[in-house]
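After this come two complexes, each holding chain A, first together with chain B and then together with chain C.
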Partner chain A sequence: MLVIKNLKANVEGKEILKGINLEIKAGEVHAIMGPNGSGKSTLANVLAGNGGYEVTSGEIYFEGKDLVELAPEDRAREGIFLAFQYPIEIPGISNATFLKTALNEVRKYHGKPEATPKEFLELLKEKSGVLGMDPQFISRSVNVGFSGGEKKRNEILQMLMLQPKLALLDETDSGLDIDALKIVSSGVNVFKNKDNAVLLVTHYQRLLNYIVPDYVHVLSQGRIIKSGGKELALELEEKGYDWIKNDELIEENV
Partner chain B sequence: MGNDLLNVIELSDFNLPTMKNEDWKYTNVAPILKNNYVLGTSLGYENYLSLPLNDYFFKDFDYYKVVFINGIFVNELSDLTGLESGIIVDSLTNFQKNNSEILANHLNKYSAIDNGFNELNNTLSTNGLVVFVPKGKVVDKPIQILYLNGDSNENVLSVPKNLIIAEENSQATIIANYHGIKGKEYLTNIVTEVYAGKNSIVDFYKIQLEEENSYHVEKVQAYQEANSLFNHYNFTFGGSITRNDINTCLNDENIESHFYGLYLAHKEQHVDNHTFVDHAKPNCMSNELYKGILDGKSRGVFNGKIMVRRDAQKTNAYQSNKAVLLSKNAIIDTKPQLEIFADDVKCSHGAAVGQLDENSEFYIKSRGIPKDIAKSMLIRAFAADVIEKIKIDELREQINHLVFEHLNRVEVKNN
Partner chain C sequence: MEEIKTDSLKEKDEVSEDMQLLNDVTKNEYKWGFITDIESDTAPKGLNEEIVRFISMKKEEPEWMTEWRLKAFRHWQKMEEPEWPNVTYPKIDFQDIIYYSAPKRKPQLESLDEVDPELLKTFEKLGIPLEEQKILSGVAVDAVFDSVSVATTFKETLKEKGVIFSSVSDALKEHPELVKKYLGSVVPYTDNYYAALNAAVFSDGSFVYIPKGVRCPMELSTYFRINNEETGQFERTLIIAEDNSYVSYLEGCTAPIRDTNQLHAAVVELVILENAEIKYSTVQNWYPGNSEGKGGIYNFVTKRAACRGNHSKVSWTQVETGSAVTWKYPSCILQGDYSVGEFYSVAVTNNYQQADTGSKMIHLGKNTSSTIISKGISAGKSNNSYRGLVKVGKKADNARNFTQCDSMLMGEKCGAHTFPYIEIENNTARVEHEATTSKVGEDQIFYLNQRGISSEDAVNMIVNGFCKEVFNNLPMEFAVEAQKLLAISLESSVG
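== the complex of A and B ==
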């Protein structure tokens, strides 16, 4: 589904990603872990097409299409979804308007008719039910006056409504208490199936108790320095990131 | 009708302000002076009756209807059916005939002649609007006034004078709705006086939708008694050069004043808003929120003055003005002016100028929403906190519509 080859990217002229190689197949859950400043969020933003990040070399293919050339709205329509670390507040635009506009743009791209008001409401009811959201939220402005947990839940709701092929979750666990974490995780678990994929970006192992990854990658200074199964996350939790850094240092010295 | 029969006004006879005047530093009125104007009232109103006047009114809510054409109160097009007895909505001329004593107590009592435009209005204004709400009365529906100005063949000068008298414990909502007639350049030069008596509530909406080759100047002067509340909502869409002066004097205790403004400009439009909140007595509160959206080669000016006089202890006075520039050729000049002579007060002001936020735009686009709609959403988001202050639900969405229509951008509606 996603193939990243030797990806390098700059933020404000500074190289943050220094050669990433990664392949994600349908049905897989990958976790990218790493210390602050390692480039985790940069990777998520580059994949979603944030204009503040410049790809300097390398390739990204999504379902065989060159992603680097695609505008962010087209990436979304092709099936990439980024759940933001810091979701944006949009006063004056209701969640209903926002979700309906997004849903219909994606449907239009795929040659499907717009959702009827009834279809939209039924879909919304089903998906917001998964996340235990108060139906009143729909008439409120996007993320305005939402708590940190509500904002993250709203990101997951948008994901469930749009049904992307690849969901990128950027530090979705940050700032969540345990109850909110469980709800958000259950939303992701309802979402995932054999035809889609999830890339979790997280600093902590905690999230991975609820969303179990097939692969864990450790990112440090813009490179994936170690990959493994879900047990790698536990090892990281136990020994800290220094363990890998030292390990890597030793390997390099040998 | 030939020009010889019309009353031709030479503006050079009036001492109109120049850019050397500190209060007019950023607004050049020279283009206004290049025309000679005929006084609108001398044209009569009969020629305009075939225009779709009803289309110019804000709809879908109940209101009392008043029509002014080039400064003439048109009785046959107005509809004040159901207005409670004692409440008067009439032309200044009629009010003078029937209520000369009340008029003498209020007319020209609040607004001083600050400049040549005020003098022009004062000298030539023979007509205008009076809203009189006697003690304890509440006007049950908004009073919506359509001011239609301009002419296809003549440069018209309209000089309406508005006087709103809200006596003790009364309440009224006014919607002043300015529209233009396609044709020659014209000048609308208004003076509005508002008297808000003790415990009264006055909501005043001004929506300026004049033709884009027109000039529009208004001075609003409010005078507030104890415990009164005056809300002024100011929306500017039209006009080539627009200048608003909105002033209030809080001349007793426990008074509240709110000034909300949203102005849009594109092409080469120029919009200048000057506000002055004069805190003369203790324990009052004022709050001001102005926002500008500037596209093309347009220019905005905001000057917000707050005076807290020596007696005005425990004053709370806030001011915020923000502008978003949609093009690199748009300009805003903004100047807050706080003059505080009391020592126990809370005052703040803030100004911000910027572009639409790129990170927010990316957020919206990352949901599959195209760039033009993303930008429209951010424009709506920027204007939202002013528009949400509108108390009439149906008016709110119509104002939102005008924002997108005026900027010629795809509309975003909540449904």
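== the complex of A and C ==
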């Protein structure tokens, strides 16, 4: 589904991603962990096409299409979804209008008719039910005055509504209380199937108890320095990141 | 700030002065001494007493009207063009303007193929039906759809209710006593430079009279009155709402209006008596000039409402997207106790446009309240200023005002400015002012992009969200059109 080859990217002229290689297949869950500032959000933003990030070399293919060529809205319509680490507030636009517009844009792109108000409302009811969201949220402005946890939940609601192929979840677990973490995780598990994929960025092994990854990658200073199965997360939790960095140094010296 | 003359004594003075003059005039044999060819449809360039007389005569006005215009002209000559607004434009040569030409029908075209394709594109984006596009651009229309027939049914319904809706010229002929009583009573010609000029040379405009206890059964729109005449350069509108009456009036339309006249100086006077309400909505879309700032209309408007009766209410709602230079401060004089004034405004400037707009709320009666919600959006290299005055007089116990002015900037080269003035002479007054400035953030646009929404749509959504409180006050259909209009005005301003 997603193939990243030797991807390098700059922010404000500074190289942040220094050669990323990664392949994600349909049905898989990948977790990316790594120290603050290592480039995890940068990777997610580059995949989503944020104009503030410049791809300097390498390739990204999504379902065989060259992503670098695609505008961000088209990437979204193709099925790439980014749950933001810091969701953005948009005053004056209700969640309902926002969700409906987004849903219909995606539908239009795939040649499907727009959702009727009834269809939309039913879908909305079903999905917000999964997340135990107060229906009142829907008439409020997008993320305005939402608590940190509410914003994260709102991101997952959008994901459930839009049914993307690849969901990039950037620290969706941070800022959630224990109950909310369970609810959001179950939302992701409801979403997950053999045809789609999830890439989650997290600092906490805890999340991976709820959403079990097939692969765990460690990103450090713009490179994936180690990949492994779900047990790698436990190891990281126990030992921190330094031991891998040391390992890597040893490998390089050999 | 230009001075505001509000007390009723002053108005009485004006009236008796008028009477005096009228007498003088009827005593002396009126000397026309005309060089100008009376038969001509157009006055020569320039402005002098002779031209003012010519205009008045062409319009077959009563003599008191001619005298009123002359007094205005003489006053105007003594005045200076205001320089306080935060706008710059080349000096206007008032002697280089033609002040009268006979009402022209828009040039008749054979088909839409002859219309400027740019204009047609805009019509399409606005979703204006084909037949209406033809009317707006001056193409001959099928007899069935001729707006005259629409207008006729419309007029009959109004007549049943006793509502008068006509041009000021017609009103001068049919209801001279009403015009004489109220014209200039809210905006005297002494008010400001452009008001004086307008009084001297105004071409025409709308006259509305809603009798006691009548709720006007439909929204009155200039669209029906103007039909296929070109809008005047110096328009004058007068609306009177008698006790316990209500009217909603729509001015302008969303279709872009081109005009060969660069200077526009309109005056709007609203008189609201006891327990009456006027809702006045404007969509202004004059030609703003090209993207280099060439051409474009200068729009200097004086709009004022006098809430004379107790419990009277006026609500100004405006969406301003056009003109090269706009200078406009719809005001409310809250004379009656418990009277209410509201001002909701969206002003958009793009490219090289300049707007200096806002409102004035003059609290004179007890327990009066006012609200100002102003949304300024600047894009390109434009300049958008809010200028507002809240004044509470000595006797205005318990006056309340709430002002909120929000500015939104798109890009790095535009400007937004706020000039709030507050003058309070009564310590029971409660005046609140809030102001915010925000930018359409790249991060907001990207967030919407990431949900499948194009940048253009994203900007529109963000801007519409910003203007929501104002749009909510427009009549439904107008609001939908206004949203589209905003989208067009800001097109290609964020890339």
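Just so we're on the same page, the second predicted complex is superposed on the first by the 254 of 254 C-alpha atoms of A that agree within 3 Å, B and C clash if a C-alpha of one lies under 4 Å from a C-alpha of the other, contacts with A are read in each partner's own complex, and residues count from 1 in each chain.
The criterion applied here is as follows: a residue touches a chain if its C-beta (ideal position, glycine included) is under 8 Å from a C-beta of that chain, and two chains touch if they have at least 3 such contacts.
Remember, predicted model here, so these are calculated numbers, not experimental data.
In the superposed model, A:Ala96 makes contact with chain B only, not with chain C. Looking at the shared chain after the overlay, A:Lys127 reaches neither chain B nor chain C.
With both structures placed on the common chain, the touch criterion links A:Gly49 to chain B and to chain C.
Look at A:Arg153: by the touch rule set out above, it reaches neither chain B nor chain C. In the superposed pair of complexes, A:Leu82 makes contact with chain B and with chain C alike. In the superposition on chain A, the residues of chain A contacting both chain B and chain C are 48-52, 71-73, 75-77, 81-82, 84, 87-88, 90-93, 97-98, 101-102, 105-106, 109, 141, 158, 162. Residue ranges on chain A touching chain C, taken from their complex, read 48-52, 71-73, 75-77, 81-82, 84, 87-88, 90-93, 97-98, 101-102, 105-106, 109, 141, 158, 162.
Of all the residues in chain B, the ones that touch chain A in their complex are 358-360, 362-371, 373-374, 377-378, 380-381, 383-385, 387-388, 400, 412-415.
Residue ranges on chain A touching chain B, taken from their complex, read 48-52, 71-73, 75-77, 81-82, 84, 87-88, 90-94, 96-98, 101-102, 105-106, 109, 141, 158, 162. Per the touch definition, chain C reaches chain A in the complex via residues 441-444, 446-455, 457, 461-462, 464-468.
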